[in-house]
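Look for subunit A in each of the two complexes below; its partner is subunit B in the first and subunit C in the second.
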Partner chain A sequence: MDESRQIRNFILKNFLFSEDEGSLSDEESLIASGAIDSTGVLELIMFIEETFQIKVADEEMIPENLDSVQKIIAYLHGKRSSQG
Partner chain B sequence: MCGIAGTAGRFANDDSIKAVMRSMIGTLHHRGPDGYGFFHDSGIALAHARLSIIDLVSGDQPISNEDGSVTVIFNGEIFNYVELRAELERSGHRFSTRSDTEVIVHLYEDMGLEFVQRLNGQFAIALWDARLRRLILARDRVGIRPLFYCVVRGRIWFASEIKALLAALPQLGRLDPFGVTQALTFWSPVDPSTAFEGVESLPPGSVLEFREGVPVQTKPFWDWDFSDESREAEPDVDAIAAELRELLIDSVRLQLRADVPVGAYLSGGLDSSGIVSLIRGFTSAPLRTFSIAFEDSEFDESEHQREMVEYLGTDHTTVRCSNSDIGRAFPRLVYHAETPVVRTGPVPLMLLSATVRAEGYKVVLTGEGADEVFAGYDIFKEAKIRRFCARQPDSKLRPTLLRRLYPYLANSPVASTAFARTFFSQGMEFIDSPIFSHVPRWNTSRRACSFLSKDWRAAVSDRDPLSWMDSRIPARVARWSPLGRDQYVEAKTLLAGYLLSSQGDRVAMANSIEGRFPYLDHRVVDYAARLPSRLKLRVLDEKHILRRALRGLLPDSILGRGKQPYRAPDSRCFFEDGQAPDYVEDLLSADRIRSAGYFDAPSVGRLVDKCRAGRVVGFSDNQAFVGILSTMLVDEYFVRRNPSDVSIPTLAAI
Partner chain C sequence: MARSLPDSVRSHAFDAPENIAITMGSRSHTYGQLWREIIAFAEWLKGTGFKAGDRAAIVLANCPEAVIACYGTWMAGGIAVPMNSQAKSRELAPWLRHCDPAVLIHESGNTDMEPLLESLATRPRLLVVGEEPKRIPGARFNEVVASRSLSVETVSAPRLDDTPAMILFTSGTTGSPKGVTLSHRNIASNAAAVIEYLELTAADSIVSVLPFYYAYGNSVLSTHLAVGGRVVLELNMVFPHAVVETIARERVSGFSGVPSTFALLLSRVDLSRHDLGSLRYLTQAGGPMAVALTRRLLSALPSARLFVMYGQTEATSRLTWLPPEMLGSKIGSAGKAIPGVEIEIRSGRQRSIGADGIGEVWARGENVMLGYWRDEARTSEVLSDGWLRTGDMGRIDADGYLFLEGRRTDMIKVGANRIYPNDVEEAIAEFPGIAEVAVVGIEDELLGQVVKAFIVPGVAGSVDKMAVLAHCRAGLAPYKIPKHIEFVDALPKTASGKINRGALAVAAVTREES
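Up next, the complex of A and B:
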């Protein structure tokens, strides 16, 4: 399964309690759409760290990195290329 | 304290109505185990279940006036009955009992509907005026005692709890989609709404008049009012603190009135410690205190409780509460609350009141209300910071203030400032509305509504709960100070609907215990409402003036302690190693959810899986789980079955 699908499925199942892939686009803001609430961010970060074997630094916990499926993908790419 | 029930309208005084009244009052036995009283006449029937507290000998109800033209039943206490009685006797009234009930009768004779203005107390009253053939229902100012009613074919029915109405009118056993939506969003239906179609709650601080053939009239006689808030530039804080202390002493003195011993709850925080220190310092009442300790250290305050017990030298009992205790007792809570709840916090209080009763007490004083009256909650600070940020939306520095909120949460929503800023900047469309402070909380809670079934979502799709609430707040509120607005909304929603009800009256009365709340004496409420906001929330120091008023009575560690709101563990109480009690598995099974029709079965299944796996950490998932489970319990006890056939649930097996 590609990464964006993996992330989207996690969000669907874990926050929206749905299996309808059409209910969340890659660009949609997770906060503005109500997909995640304030503590949901912590769950999302735990998921990203476990699934993709990275460490999200405190200063990286910002909406610019984590507020949509697309942003998370871009963040993961950036993280890997800076490490690689 | 007691339970009341009755009906008025066109009907004959025969054996069948007597049987109906017996079945109604029978469902309220827990509220008044010391005896029943009835009054029957043509077109009126009243029933009363008594918990004897004042005038143990002659205080039975109903009570009538000298010529029998006015008859009253009531639930609660009139704390200033001694003073009122002396006044009424001076003006020629003759009393046949020593009870507080009788002052209601004579005050009504003198003042008509205005009689409620003179009462200092917590009450739900039903009064029959035989001459005018009218029934009067009245409820105390802030909503301490419950009173529900419905009008069916021109006839009114009322009772302390909905279950008594359902015993007489089984057809009312239907859940109202918007009432449940309110419960999931605001933590309770908001008066006059209830979770049941056709059943209304008489709003706090109002009087209802019923005459046959005339539409029911409900009139407010009191409301929280911040319009006279002082704008004085340099108020004399010492003088105000001293005056407030005197007022609190008098409130405690009045509320200790009883012909049975009175105990007190001690949470370890400022509010309840303040009450106990006032009892100790200014009355001769013996100090008997009770508290809850949690197995789960995130919620436990027993260290602070011990400190207060040692400092004040009280005779103290602690009830230890484990997660599985909460899971086992939850069905019993819902039976008493008879409404969906989104938190488990009421359960430990129900277990606590059982211990109080077992120790031989019927009455407890608590610190409830101080956070509403003196602005103790984080929601007030949060709103202050959000308004401050909104004035300079580009400031990076201002949102860092949010980090000072919620230091006690294991999974804090403000752990990341950047995200916190984004979350708390939601609701800006309500920046000028009185509900602005509550938008983040309600947005978190209302996520539970996404579990509603397609049919139920369609049934409420024309009413957005937040806009609905916004439209219900009286226009004058928008002219008050920001803090006054926030306090008003809190008092009218969480306090009246939940804290005094599901977490107050119901869990105390479940064990025939009466709670009393000195901070909610209306003289204290009115006094505090006139104080400048900054004497309550001083920068971010909550309840500043109360701390000043209690100075010298409490150790500095308690006086200076930050607010830790009372909470209990939620979804984790229902699963042990992935196993849930049978009732949880049954009620949340896909078949059962589908046949009830309120929720979407596959979504509920995924939420249950997440809870079972122990992966639920945030408020919204926890509240959704507790809200769904409690709705299904309400369905079980009050929709599928009739309360007259349901016995009070015992603790579930794990």
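Up next, the complex of A and C:
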């Protein structure tokens, strides 16, 4: 399964309680749509760390990195390229 | 303060037009610009036939437009009704039917607007903030406020009197919503008291994460605009790191929160790595904060003074405050009455039951609401001879400091949000195959409480948990969705047949811990 699908499925199952992939676009803001809150974002970070074997640093926990599937994918790519 | 709030903002617009009033991200409004847009909004309203006493429903997250809509409504002689922007159509509809607004201001992309409008017998005139495909007809906010106003110089602001200025709904879907109705005098007098003890001036600025549609967030906004200060908007605490960076970057002097705000800051951000030396004051309300958390906060931000406060929407916002220097000797106290307010403890018909006697907290002052909107029966239950019955239990010690001893209602507090169990239970009960449901608040390390639902399935047997949660998501604001669901055979009842929430709360804690 590709990464964006993995992330989307996690969000659908845990925050939107849906199996309908069409109900979440890659660009949709997870905060503005009410999908994640203060505790939801922690669950999302744990999922990202476990699934993609990275460590999300405190200063990386910002909307620019985590507020949509697309942003999470871009963040993962950036993180990997910076780690060489 | 002898001025209404819009009159104060008006004076800042003429005395210090270049001073910044509101900052959000890269956008800033000076007082001069803010006032021009407020007047343009008021003129547009009046042009639509909006009359004195008409209501404008404002369904917006914190943004400059929410401020302009509120003050513009006041300048048109109307009543501003800020509504929870996270609410779904089933929650918004009863509020709208109850206050019957002439105008509704909402954000583009709010997918709940279409079903909401279809459910209303009378459609208000719509005004849309942001870019919106022309799906729903309505004027555009940016076009309305861009129009050149003729009367900026000459228009006079509402007087400081008992004219209704704002309705804040404190509960929703139970058929008869409670709309706390506040006058210009209520709002201005409560702001003046807070300004006095926080010693706010035009040099002050604050990062605000608390929604304007709640009394606390509204008070943070009112107090800072009243002195000509600056309000820096951050939408929420989902990313505490971003909030801390804003505090550091903007060099603000204040920050306000509920216990979960500070729990999130302390648990998720290493504050010592940021220069937060500009912070002069922190305010905390929205329920008691654990002593350990208070001590950690004080040690993490030594330059700031922490003001613990208590109040309720029916009292505009604030009733008591604890002077920072008393935190040591009176820790755990909600403080003493704010300027202009009296509090007393009553037990049954007995008034002023003496030091440390436990009873119900009553309050009197210019901040006490006019009443619940169009609901005399409920108003008379809480207002008596100018006194407000708060519903909170407490005692006042020999030095005059209030200690709260719990609430008489079952309200659940999730972060800065207050939830009436009935609202969630009604939504869940609509799902097919459920015989009975009860929800309680259970402790949560970060949010204070989260919602747990106990569900008794109907005769058909099993109920799909995911489907129940999806149903909740469709009909309830996100913070009301249960974090935990437990299916049970029966609910504990009292002798009179009511659900025994106390027993359920104990059961909830025991089971989640095991």
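Quick note on the criterion: the second predicted complex is superposed on the first by the 84 of 84 C-alpha atoms of A that agree within 3 Å, B and C clash if a C-alpha of one lies under 4 Å from a C-alpha of the other, contacts with A are read in each partner's own complex, and residues count from 1 in each chain.
In the analysis below, a contact is a pair of C-beta atoms (placed from the backbone, for glycine too) under 8 Å apart; a residue touches a chain by one contact, two chains touch by 3 or more.
A quick note: this is a predicted structure, and the numbers were derived from the prediction, not measured.
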* Asked: After superposition on the shared chain, which partner residues are touched by A:82: those of subunit B (first), subunit C (second), both, or neither?
  -> neither
* Asked: Does the superposition put A:53 against subunit B (first), subunit C (second), both, or neither?
  -> neither
* Examine A:16 and indicate which partner it touches, taking first as subunit B and second as subunit C; both and neither are also allowed. => both
* Taking the superposition as given, does A:39 touch the first partner, subunit B, the second, subunit C, both, or neither? -> both
* **Overlap of subunit C and subunit B interfaces on subunit A (superposed complexes)** => 13, 16-18, 31, 34, 37-42, 58, 61-63, 66
* Structure fact -> subunit A residues touching subunit C in their complex are 13, 16-18, 31-32, 34-42, 58-59, 61-63, 66
* Structure fact -> Seen from subunit A, its contact residues with subunit B in the complex are 13-14, 16-19, 31, 34, 37-43, 58, 61-63, 66-67
* Asked: Which bits of subunit B are touching subunit A when the two form their complex?
  -> 411-416, 418-420, 422-423, 426, 440, 443-444, 447, 450-451, 602-604, 606-607, 610, 615, 617-620
* Structure fact -> subunit C residues touching subunit A in their complex are 86, 109, 235-242, 260, 264, 268-270, 415, 444, 446-447, 450, 466-467, 469-470, 472-473, 477-479, 483
